[in-house]
Amino acid sequence: MKRLGVLTGGGDAPGLNAVIRAIVKTAIREYGIEVIGFRDGFKGVLEDRHVLLTESAVSGILPRGGTILGTTNRDNPFKFPVAEGRFEDRSEECIEIIRDRVDALIVIGGDGSLSIAHELALKGLPVVGCPKTIDNDLAVGQAKTFGFDTAYAFATEALDRLHSTAESHHRIIVLEVMGRYAGHIALHSGLAGGADIILIPEIPFSYNKIIDKIQDRLKQNKRFSLVVVAEGAKEVGGEMVIQKMIAGSDDPVRLGGIGETVARQLERLTGIESRVTVLGHLQRGGSPTPYDRILATRYGVAATDLAVQGQFGYVVSLDGEKIKPIHLSEVAHGIRKVDTEGELLKAARKIGICFGD
Amino acid sequence: MKRLGVLTGGGDAPGLNAVIRAIVKTAIREYGIEVIGFRDGFKGVLEDRHVLLTESAVSGILPRGGTILGTTNRDNPFKFPVAEGRFEDRSEECIEIIRDRVDALIVIGGDGSLSIAHELALKGLPVVGCPKTIDNDLAVGQAKTFGFDTAYAFATEALDRLHSTAESHHRIIVLEVMGRYAGHIALHSGLAGGADIILIPEIPFSYNKIIDKIQDRLKQNKRFSLVVVAEGAKEVGGEMVIQKMIAGSDDPVRLGGIGETVARQLERLTGIESRVTVLGHLQRGGSPTPYDRILATRYGVAATDLAVQGQFGYVVSLDGEKIKPIHLSEVAHGIRKVDTEGELLKAARKIGICFGD
Amino acid sequence: MKRLGVLTGGGDAPGLNAVIRAIVKTAIREYGIEVIGFRDGFKGVLEDRHVLLTESAVSGILPRGGTILGTTNRDNPFKFPVAEGRFEDRSEECIEIIRDRVDALIVIGGDGSLSIAHELALKGLPVVGCPKTIDNDLAVGQAKTFGFDTAYAFATEALDRLHSTAESHHRIIVLEVMGRYAGHIALHSGLAGGADIILIPEIPFSYNKIIDKIQDRLKQNKRFSLVVVAEGAKEVGGEMVIQKMIAGSDDPVRLGGIGETVARQLERLTGIESRVTVLGHLQRGGSPTPYDRILATRYGVAATDLAVQGQFGYVVSLDGEKIKPIHLSEVAHGIRKVDTEGELLKAARKIGICFGD
Amino acid sequence: MKRLGVLTGGGDAPGLNAVIRAIVKTAIREYGIEVIGFRDGFKGVLEDRHVLLTESAVSGILPRGGTILGTTNRDNPFKFPVAEGRFEDRSEECIEIIRDRVDALIVIGGDGSLSIAHELALKGLPVVGCPKTIDNDLAVGQAKTFGFDTAYAFATEALDRLHSTAESHHRIIVLEVMGRYAGHIALHSGLAGGADIILIPEIPFSYNKIIDKIQDRLKQNKRFSLVVVAEGAKEVGGEMVIQKMIAGSDDPVRLGGIGETVARQLERLTGIESRVTVLGHLQRGGSPTPYDRILATRYGVAATDLAVQGQFGYVVSLDGEKIKPIHLSEVAHGIRKVDTEGELLKAARKIGICFGD
């Protein structure tokens, strides 16, 4: 092997740059091969936009959020958008360009990008995947994914900030965090930030239970409550709250979402002033935590190892303290949800956190 | 003087606890007098709820946000809410309780609380004011107010976080910050966080000018833009964007506000994906910055000095490096706005920041 | 069971308060039993100093470093210091007081405190252990211990800070971190902070190898280097660098230690200006990271569960995602060292980090 | 004017990059002139090493510590080091190269670099100065200098961290901070971080006074004390503590300095365990605070304005809210010391902080 390609796909996440840096360093120092980066995911492949990644190109990027290669959500080569609502299969062209430029490709991405990688692998492209999701909901064995630690750390910091306002004003403060299908960020940040109530998609909630908890706190002379809500949380028997869309966007703006609904209802039902904060994109950005930097670095090294060893069609994955490759076909058959019978959630209940059920 | 009273009024701000601590320490150590704190502003006075503030009561509160005394926005004794939409003048009762409990009162608060303090002073109450506003829009001479440094520092951190997402995804990212009548937080955080466009109430904007700036950046191959919008910013000839209210609340929830409007319009007009983040109450909370801790401490010491010296009817104020008392009658005749001809704003223009005009 | 006791022993660590809070909440809410806290470890037991831990006593302590119960390093009841260099066995007295006051005791501590707990258990005391060590070197199965994530996160932040000075001044900067017998903090912070050279007790180093690495960087036009040194690192064939002691202290002041030695030698051998920073106690303090807050909370819950179930003589331990009790006799038979053949260290080598061997 | 030069001299400080960025942006956008940067201060001038600073060269550097241009302490062209202990006057050569390359030069630096700038100005070089010192001890009128806010903010964070260890272990903790001739960092961080005792060069201390304070705290049942010591603090009648030098270095390693001495003495005199932490270079690094980013940006804009307007021989300076140029001859005639009769220090005394006098 002489030349390795790399691209980043889907939403940005803290740690992408750390993966890129590790790939480049490992390729050059350990294996003496070159690395080129395609810009803006598969879109950049199809437009043949790429850059040679030297060591100096990746110097200093370890602590930086985002991706120096750029990324996009609209780059599926099997269903490439050509006009409003029209798509074309440009996968052959994509494979051709990749084969022309590099001997193997590392795809760093989530659910969507790894599915594309799998389809390309089925068509014979030598590809290795590197899993990324800040929601922690990607089902890659037991693998941890980088970005999650940074995301819930920021949500925890937000709770720390909101705590003093809630307490000083005797208010209910609702924090809406990411998690459309799984409540990992809500559960972890809620535990770490001392939330009183945590609402997640896995456990439909009822307002009565929440109000019981708030009343219980009032009896203990605690006149404020902190509520963390995952954006996909819903009432028992209810639907996910429809969110408003910015015209032409495939990513709903998280306004008028579940956080606002919950705050409004709780104010109405308890008479206690309630406020909502929606974290939104703040959860995606910022310098990765040390934990995420290390995990991302390990994934970059392991993906390069796999590529050089010719073990294509796999995703790298950290299981406990060991890196284990998982076949791309096993990825993304569904979402990894919070284990509602798991020890973590039970611990949360034991210290009195209410899940609305 | 034997006993000093203190209360915190209006919205919470980082540094309130530092003021309280400084008052208590100065009163006890320097003057050998006692301090009691009324809970929840003037509401707590009328309900005669108070607590003796010993040194151990204020131990460890310097770095904490919020106020250990509690606060509220609904406590004007001259216009005290008794039922939905009905008010009573309970100022005499308020003065009586205060006189019964303490020899003088320090009121820590913003515009509203200091106006009340002024009216009480006119009725003969020995009162000293301590100014607070995180928007920096309180017109107390040239005085700086604590809380502002912390608020714009957090807005700057938010811009740092959003920067990598904007750049990786080639998006327009809009950050809505506090500032209904003055754009200090937007201007300062925009400058410190490297914003490309800053929209403030003092300078009505036109979308054409913003788009020119974005196009200009595209020509330089900068495919993303960061926009900071004060919540009170408005288009030339336009109105302030009406915000939705949570029923029964006097504080509008900042959803569907100017930030969302700007993001939506810019996406429509440029075709570039745009996202909005609304900081909201996150700006109020958190540990005060070292700057704010020192300023708050100085104000607490100075307010105690004034009270003990019998200089009532004044507000403490830091002018340059000196504490200067200002008469309560001079406070709050309007808002301190951003000086649009000032050197700071001119510097921002010289480095290419667009204000939409 | 009616009453549970808890104490914290040994050096303080971020997360101790989170454990205490979780114990109190679980005991009261889940089991309806009371908790009392002994002050200052076993010393406080012998002096019968304790406090009732209500929910309000642990309110707000989750994000705070240190321990509200106090701690000490000089409290072994089996070898209690009575005068300069003289000790007494006061274990019987200790057991008696504990039995008088509570039905079972949870000991939160490291190596030393857990050994004491084990000895007390052998004498029949109903005791449960909760492991703590910020060095991550406690050998409790595969268990993670809280405090470590916070410690290496701060060391990483320090490297981020030192990086710009090193680069601007073209210097060698040496950061000395904790780790007398194991290099976990050095390895993790070095990886996360982009160190070029990491020196740990497990791998004796030679200056020649380090200089080769520095020369290699110079050839790439990188005129600075970042070195992380664990305090127990040593040259091949060398001894651990003897550190000066503050008279009468059992804890060496980390001045004139290995960090300074390495900086001095590298400056002499390369002619490049070199500087050293010793992190010392800064690594112990501060608010625990969200990861550590969750881990500490889980440990607190699990320890309370064990105590209530009467499973005495065990230590709680997190293995993967599951809590598993480990017998106290299995703890502390030696130190958990960095696995020099492990995947983590190999990954570090592959991206070019030099370990001096 | 067609071309402006810029260099950074002396120790690095947070904000240098923000100045460089502001100069480049202002020069290009406002005045349409080019900027080149000399590398590594005047040393780089003499070696004719420079780089064209385009807008893309300064993109993204606002939040970064250090200087992209590099810097050095050994670059006085009037006394340029040619061999061990031998110097040459190379100022003519320096002026010639600068005149060849640019129409005017902006020197960003402290005491030393601004003195050189003054001497070069006297020889006719068109030069403008931009003041920098993280100690805040540069005597440029009433001017604030960037870097100071970041430095004392970090020292405050360190105190926050050490506080919990001090309290948990009932120890005296000593933090040694920068300040060889002036105690600004010690005073500000001590006030903001809740120190009990602050020792600065301007106020010689006696151990008796410190011990009185510690005893006083013990009586209040406060069994720990936080001491901040500026590196230049000294006992009444004593000398500055001689610090060990790394051979061949002009910058003493701050080990075995006053911090260690004070900790050792206090432990001996009180019998309370004492520990010391020396912050050292950590105070120089890291991302500048928002305050420093704004100040540095204003200075960069103002320096460019002066250069383009031909107002040479001046230093930019912020007085209150206005930029005022000060003549280079007025700079650096001594050190700006802490005003021991000033309102800030008096406020510190009133809340009970002990200065050892």
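The letters A, B, C and D name the chains in turn, as written, and every chain counts its residues from 1.
The rule we apply is simple: contacts are C-beta pairs under 8 Å (C-beta built on N, C-alpha and C of every residue); 3 or more make two chains touch, one makes a residue touch a chain.
Quick caveat, the model's predicted, so the values are computed rather than measured.
K.L.:
Out of curiosity, which chains are bumping into both chain B and chain C?
P.N.:
A, D
K.L.:
Just grab the chain with the largest centre-to-centre distance to chain B, centres being mean Cα coordinates.
P.N.:
So the chain farthest away from chain B turns out to be C.
K.L.:
How far is the middle of chain B from the middle of chain D, if each middle is the mean of its Cα atoms, in Å?
P.N.:
Whole-Å distance between the two chain centres: 31.
K.L.:
Taking the mean of the C-alpha atoms as each chain's centre, how many Å separate chain A from chain D?
P.N.:
Whole-Å distance between the two chain centres: 41.
K.L.:
Per the centroid of Cα atoms for each chain, what is the distance between chain C and chain D, given in Å?
P.N.:
34
K.L.:
Name the residues of chain C that each touch 2 or more other chains.
P.N.:
160
K.L.:
Touching pairs of chains, which are they?
P.N.:
Here the touching pairs of chains are A-B, A-C, B-D, C-D.
K.L.:
Inside the complex, what are the residues of chain B that reach chain D?
P.N.:
21-22, 25-26, 29-30, 55-56, 59-60, 62-63, 142, 149, 152-153, 156, 160, 188-189, 191-194, 220-222, 287, 289-291, 293-294, 297-298, 301-302, 304-305, 320-323, 342-344, 347, 350-352
K.L.:
Quick check on the complex: what are the chain C residues that touch chain D?
P.N.:
8, 11-12, 16, 40, 64-67, 70-72, 154, 158, 160-165, 167-170, 173, 246-249, 251, 253, 255-256, 260, 263-264, 267-268, 273-278, 280-282, 284-286
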